[in-house]
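I've put the structures underneath this note.
In what comes next, subunit A is part of two complexes: it sits with subunit B in the first one and with subunit C in the second one.
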Partner chain A sequence: MQVFLQTLIGGITFGAVYALVAMGFSIVYRTMGLVNFAHGSVVMIGAYAASTFYMASRVPFAVAIVVAIVVTGLIGLIIERFLRPLENKDFTLMLIGTIGFGAVLEALAILIWGATGRAVPNPVATEPLDLGGVRIPTYSLLVIGVAALATGMLAWFLRRTKLGAAMQAVAMDHEAATACGIHVGRSNAMAFGIGACLAAVAGSLIGPMLYVNPTMGGTLGIKGFAAAMLGGFGSMPGAIVGGLAFGLLDAFAAGNFQGYSDLVTFVVFALAVMIRPTGIFGETTVNRA
Partner chain B sequence: MKRRLLLLAPIAVAAWLLPYGLGGYTMHVVDVAVIFAILAIGLGLTMGVAGQINLAQVAFFGVGAYTVAILTTRTGLSFWPAAVLAILAAVAAGLLVGIPALRMQSHYLGIVTLGLALGFINWVTNAGIAGRAEGISNIPVPPLFGIDLSSGYLFYYLELVVFALVLAFALFVTRSPLGRRMRAMRDDGLAAGALGAEIPLLRMTAFVLSGLYGGVAGLLYAGLIQFVAPETFSISNMFLLLAMVIIGGRASVIGCVIGALGLAFVREALLDVSAYAQLGYGIVVVLVVVFFPQGLAGLPAQVFRRKARERPRLAPFVPYDEAPPTPARTALEIDQVTKRFKGLVALQDVSLSVPVREIRGIVGPNGSGKTTLFNVISGFYTPTAGRVRLDGNAVTGLTPYRLSLEGIARTFQNLRLFEDLTVRDNVLVALDRTRTSWIWRYLALPWAVAGYDRSLRGRAEEVLQRFGLSDFADAIPRLLPYGIQRRVEIARAMASSPSLLLLDEPAAGLNGDEVGRLAEIVRSIRDSGVTVVVIEHNMGLVMSLCDHITVLSGGRVIADGSPDEVAVDPRVVEAYLGDSMTAPTEREAEHDHADR
Partner chain C sequence: MRLTIVAVVLAALTACSAPGETSGSAGEATGPIKIANINAQSGQLSSLGKWENKGVKLAVDEANKAGGVNGRQIQLDLFDDQGDPTVGTNLARKISSEGYVAMLGTAESAVTLAMAPILKTAKIPNITSGQSPKLADLKSPFLFLNAPTSVTFDETLAKYLVDEKAYKKIALISNNGAYGSGEHDAFIKSLKSRNLTPVADEVVTPEQKDFNSNLAKIRQQNPEVLFIGAEEVQSGLIAKQARELGVKAIFAGGAPMGTDVYATTAGLANAEGSVVSSPYLSNEASPAGKEFATKYKAAYGEDAELHGAKAYDGASILIEALKKTGGKGGQELADAIRGVKRDGLLGQYNYDDFGVGIHETKIGLIKQGKAFPATAS
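What follows is the complex of A and B.
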């Protein structure tokens, strides 16, 4: 039971990060129909930006996160501008184009920060809380708290602000949105920027939990992407549920199958999406056949 | 063809003489590049030709290489039997990874295949039998009639023979009916299904091919390097492979080969500055995707736009021979069909029966269920209740490709031509009436396939001639005027020699002359013995063309009869014009005015 609860906490912590990554995928996908395979690499850049700033200048971790958000937000805008000719057109080309961007970002990270990784010190170095024998790291609480805060702010933005409403409109029908006087290009750029900001938050948070290195984007991106699919591509509640579900799957696979956890995780994932390709809260049409 | 062969000869001679001018290390680089070229062909076939996003190609490569390594070093099997088993194992892996493709496509498929590839890497880095992170060394050198294949020079010739074989097979497959069906599936899976292409089996075939090429490349790699380790099959190499295929041109086998050879050498040249190399090919991939989606292979066509010598013209339609009269029977019978989408009832107890050699019109306001009815008849939807019979045989719930082989052909409201196939290829896809299980012949009897393809081509010319499309045979449909595209779609449907033709708004977007010619074509099709059901909003055309009309409204049949009967039926008038009896007519309104 104790082991179970301990794994559960670890799973939820990683799940919160996967949920942030998945939300980044989803907001871009629902707004502009673009599947951003470079998202994982943006997360990695976010992790590097935050850790570099945090370790070099000894500013509070929160400030480092904000810096990372600015950096990745800019990168997001650049990627969007480049791929704009392909939006809402050829899915396959778009997908490959973003894979190309992922390779570029990875190469840039190697050039700037070197091919070897770095360990990031824990920003809240206190004893774990002891709850009836289950040890809850304080950093886990921080991760879950920040992820919840970011989710809440995003929900508020999408529901309560005019810009958010405009983005929802573009998501539903970009042609009709144009007819209503919404600048679709700007709205898309905003979605991409927000997605990249979420990536930065995810990257900053995961830094102290993992070893930060240039290739971490690959696995993280794929897991976040898988989480988005599990929840239902393009659905925000789906991204959260999918992220947590994937975090738990990952944690229990690691607990029970040690080294083979990735194999088990991805086989279970493949089976799950085969049984229900639309995910938990999925869009009704996966492949319009 | 002869010119092609002439062109091939110097390349073959150059390839044969190449080792004489190379140093030992360069030879090794060439050997590795050829292996990547084989892998790239496999990826090009699945992704470029069949349109299946497959990001597990390196895993198939790995399965091939590791099977050879494990069997030769752990069980003492000799190289060639292990190699045969390796190919089988890679094909089996292809089948397994392909299963998700039956349920999902595009980015969904991409992420699942990528995940499974990661799973494979995870397994080989952890499993004791696969040598964990250190890999397996001391794989025996393949014996070959006393030729010492540990020399990179001699191994090159083995590779060259294998490469020539797999390249020829890939070119043969892409140019054959199978390749055409795959390209049709890539462009529009729905329309391909409606023309007799068995989509699930085709998708699996694509993955089998991908596994086959991965396996061949893998066993060559094991024989060449005599060492396998997980990092060779990593995700970053998958992206390198992807870059090769995209830069070369994914839809062209030759393009894939050029991309693979080129990038393999560039990577080798920039080995010391690999981060810059990755930066470079990442940027090139982005630029290619945005500006040259066809890759290097598409460049010649993009640069030298062929000028049309003379303006092609649509020739007149050559009517079919009139078929002798057949005894009256029911061609299509729809019995109490209901179709519900969750809460929405699109069709409610629809029954109609169409006698053979009739032109039946289906009319009704928008949203009355006409196209849903077509989708039920042609197998895209399974009805919630009710039965469909074709010539007395129950065909309810059959898949579109089965119905196509049973003799149903259809056109689509918004034109579903295969956009990257020529007009001739569009027709050829429909002419091919074989089941996909026929594909064993591609391996066993390639000459029989070639003969069959020749006969199809002959018949395609006939069809194009009949529909006056000969001048447009090599054109890409989306560049043609709308009226001609409509005619191509009817020609394609008729190429499948149907007994029942369903036309969904064939006159939409046509001008007056074109509508007249359409009526002539449809009558001739009827006279040749084909039963025609047509959905149309152009009432003039419906009234003059159809023998019998069924009117749908709100998912129900509200009238059924000859054009004259239907036109005056008050329920029809009401459905079209609203409850017009209660509104004052122009005359009454005038009267009212005068009274006041």
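What follows is the complex of A and C.
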């Protein structure tokens, strides 16, 4: 029982981060029908930006996260601006463009911060909570809390604001949205920007849990992408459920299948997607490709 | 007018590409001696590759400044294998066709293993930084290790933990990559020879980040010692999460745990007291190490560590052998390397038929993120 609950804690903590990464993938996909393969690298840049400000200038961790959000948000806007001429013209080139941007960001990180990476000290250095032998690191609670907050703010933005509603409209039917006077390009830029901001939150949070290095985006990107697929690509609740499910799947596979855990995780994932290709909350309408 | 510009540009281009290509093949006995350094410069394992290259470069620059090999300069060329065995084999073919007399690297056992047959056929001696026992098992006359194999690391560790400290409850956690599985097998073998079975034996994947499940199982056994068989970062993550879960065991492991990366990833408090088995504990452990560290710092503005040190040793051995052969490669150079007896940074080099030069490691304890010899305490 103790092992079960402890596995649950680990799974939920990492699941929360995967959910944030998955939401970043999904918001771009639902608006533009595009998979942003640079997303993992943007997460990495977010982790670097936050850790640089947190460690070098000794600002509070929350401020460092905000700075990281601004930095990566700008990167998201730049990527979108480069891809805009291709929108609705050449979809394959856009996909390759995002892969290219991923490689560029990785190379930039090596240029700026070097190849060796860095460990980020824990911003809440207190003893883990002990609940009947199950230990919950305080940082895990912070991660889950911030992820929930970011999710809530995004839901509020998409549902309750005019800009958010415009984005929803573009996601549903971009031609009709254009006819209503919605600027599709601006909406796309917003999607990329928000996606990058989510990446920054994910990156900042994962930094102290892992080791920040230029290639960290690879695994995070793959797992976040898989989480988004599992939940239903393009769906926001799907990204959250998918992220948590993937985190838990990963955690329990590690305990029960040892060295074969990756294999088991992705076989289960493949089966789930085969049985339900649209994912848990799949919306078939967002497919514009 | 335009034609002349094109002509000038073309002429300039050919002039640029010429020197590196022609000097090696044209003048074998008079031009520079070409040595290849193959190591990951990009990707996940690039930090190792960069350290290795710095160590190698330091040794070669020193030799060149002191007049080279019998008046000939050494030309050191760096190739990026991306930590990928396939890229490695392509590079092995490339250097054998371009007249390189020797190869230094790689830091990855898997890449070196893949390259070994090609280099053996081409008679290009290779001094590697890999330490998998599989490298020694090849018994290639052209493959040399600049460090002990995992067997030596873990036998020394078991001797200290079991024979000296009399610990009985030992748990293992290791990854199933080339390095981790080598460590796992070697340490289990050492335990078995002492009639001990580990109380837990958890295997993780090299990419795994969340060890809650594995560590919770280990915690139930309440071990005295937790052996970690993984690379620097993963060892650090395991140590950090183990302490968060309340695992009280002493951490023990190979060279990765003697590094700064391990200590900072785990957090200094969590890494405190870790037992590490390594041929090169710290820059301060010997006078030669101190001197090396000073030179390294002057050249690169950062602190030296194990990988730079062993690459420096490997390159120094090669240069010494080259001086004996007068710059000639092939079988003659391989025999000369085998003949080198060097008092290096990692210890006394004395190559056997398996290509292993160092046969012992030292035990260190981590204090404030730095490894100190265990006997000094």
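Criterion: the second predicted complex is superposed on the first by the 276 of 289 C-alpha atoms of A that agree within 3 Å, B and C clash if a C-alpha of one lies under 4 Å from a C-alpha of the other, contacts with A are read in each partner's own complex, and residues count from 1 in each chain.
Please note the rule applied: a contact is a pair of C-beta atoms (placed from the backbone, for glycine too) under 8 Å apart; a residue touches a chain by one contact, two chains touch by 3 or more.
Since the model is a prediction, treat every value here as computed from it, not as a measurement.
K.L.:
Mind checking subunit B and subunit C on superposed subunit A, clash or fit?
P.N.:
They clash: once the shared chain is superposed, the two partners overlap in space.
K.L.:
Who does A:219 touch here: subunit B (first), subunit C (second), both, or neither?
P.N.:
The answer is both, since A:219 touches subunit B and subunit C.
K.L.:
Kindly classify A:211 by the partners it touches after superposition: subunit B alone (first), subunit C alone (second), both, or neither?
P.N.:
A:211 contacts subunit C only, not subunit B.
K.L.:
Have a look at where A:178 lands relative to subunit B and subunit C in the superposition and call it first, second, both or neither.
P.N.:
Neither partner.
K.L.:
Looking at subunit A, does subunit B or subunit C touch a larger number of its residues?
P.N.:
B
K.L.:
Where does A:115 make contact in the superposed view: on subunit B (first), on subunit C (second), on both, or on neither?
P.N.:
both
K.L.:
Touching A:273 in the superposition: subunit B (first), subunit C (second), both, neither?
P.N.:
After superposing on A, A:273 lies in contact with subunit B but is clear of subunit C.
K.L.:
Pick one for A:14: touches subunit B only (first), subunit C only (second), both, or neither.
P.N.:
second
K.L.:
Applying the document's definition of touch, where does A:252 land relative to subunit B and subunit C: first, second, both, or neither?
P.N.:
In the superposed model, A:252 contacts subunit C only, not subunit B.
K.L.:
Is A:128 touching the first partner subunit B, the second partner subunit C, both, or neither of them?
P.N.:
Only subunit C is touched by A:128; subunit B is not.
K.L.:
Just to be sure I read the superposition right, which of the two partners does A:168 touch: subunit B = first, subunit C = second, or both, or neither?
P.N.:
Touch status of A:168: no partner.
K.L.:
For the superposed three-chain model, which listed region of subunit C (91-99, 145-153 or 343-351) is the one that clashes with subunit B?
P.N.:
The stretch that clashes with subunit B is 91-99.
K.L.:
Which subunit A residues contact subunit B in one complex and subunit C in the other?
P.N.:
110, 115, 215, 218-219, 259, 261-262
K.L.:
So in the complex, the part of subunit A that touches subunit C is made up of which residues?
P.N.:
Listed in rising order, the residues are 2-3, 6-7, 9-11, 13-14, 110, 115-119, 121-122, 128, 130, 135, 137, 209-211, 213, 215, 218-219, 247, 250-252, 254-256, 258-259, 261-262.
K.L.:
Write out the stretch or stretches of subunit A touching subunit B in their complex.
P.N.:
35, 37, 82-83, 85-86, 90-97, 99-108, 110-111, 115, 215, 218-219, 222, 225-226, 229, 233, 259-267, 269-270, 273-274, 277, 286-289
K.L.:
Could you list, by residue number, the parts of subunit B that touch subunit A in their complex?
P.N.:
Going through subunit B, the ones touching subunit A are 47, 51, 53, 99-100, 103-108, 110-112, 114-116, 118-123, 125-126, 189-190, 193, 235-236, 239, 242-243, 246, 275-279, 281-286, 289-290, 293.
K.L.:
Touching subunit A in the complex: which residues of subunit C?
P.N.:
41-44, 46-47, 49-50, 175-176, 202-205, 207-217, 220, 233, 236-237, 241, 244-246, 261, 264-265, 267
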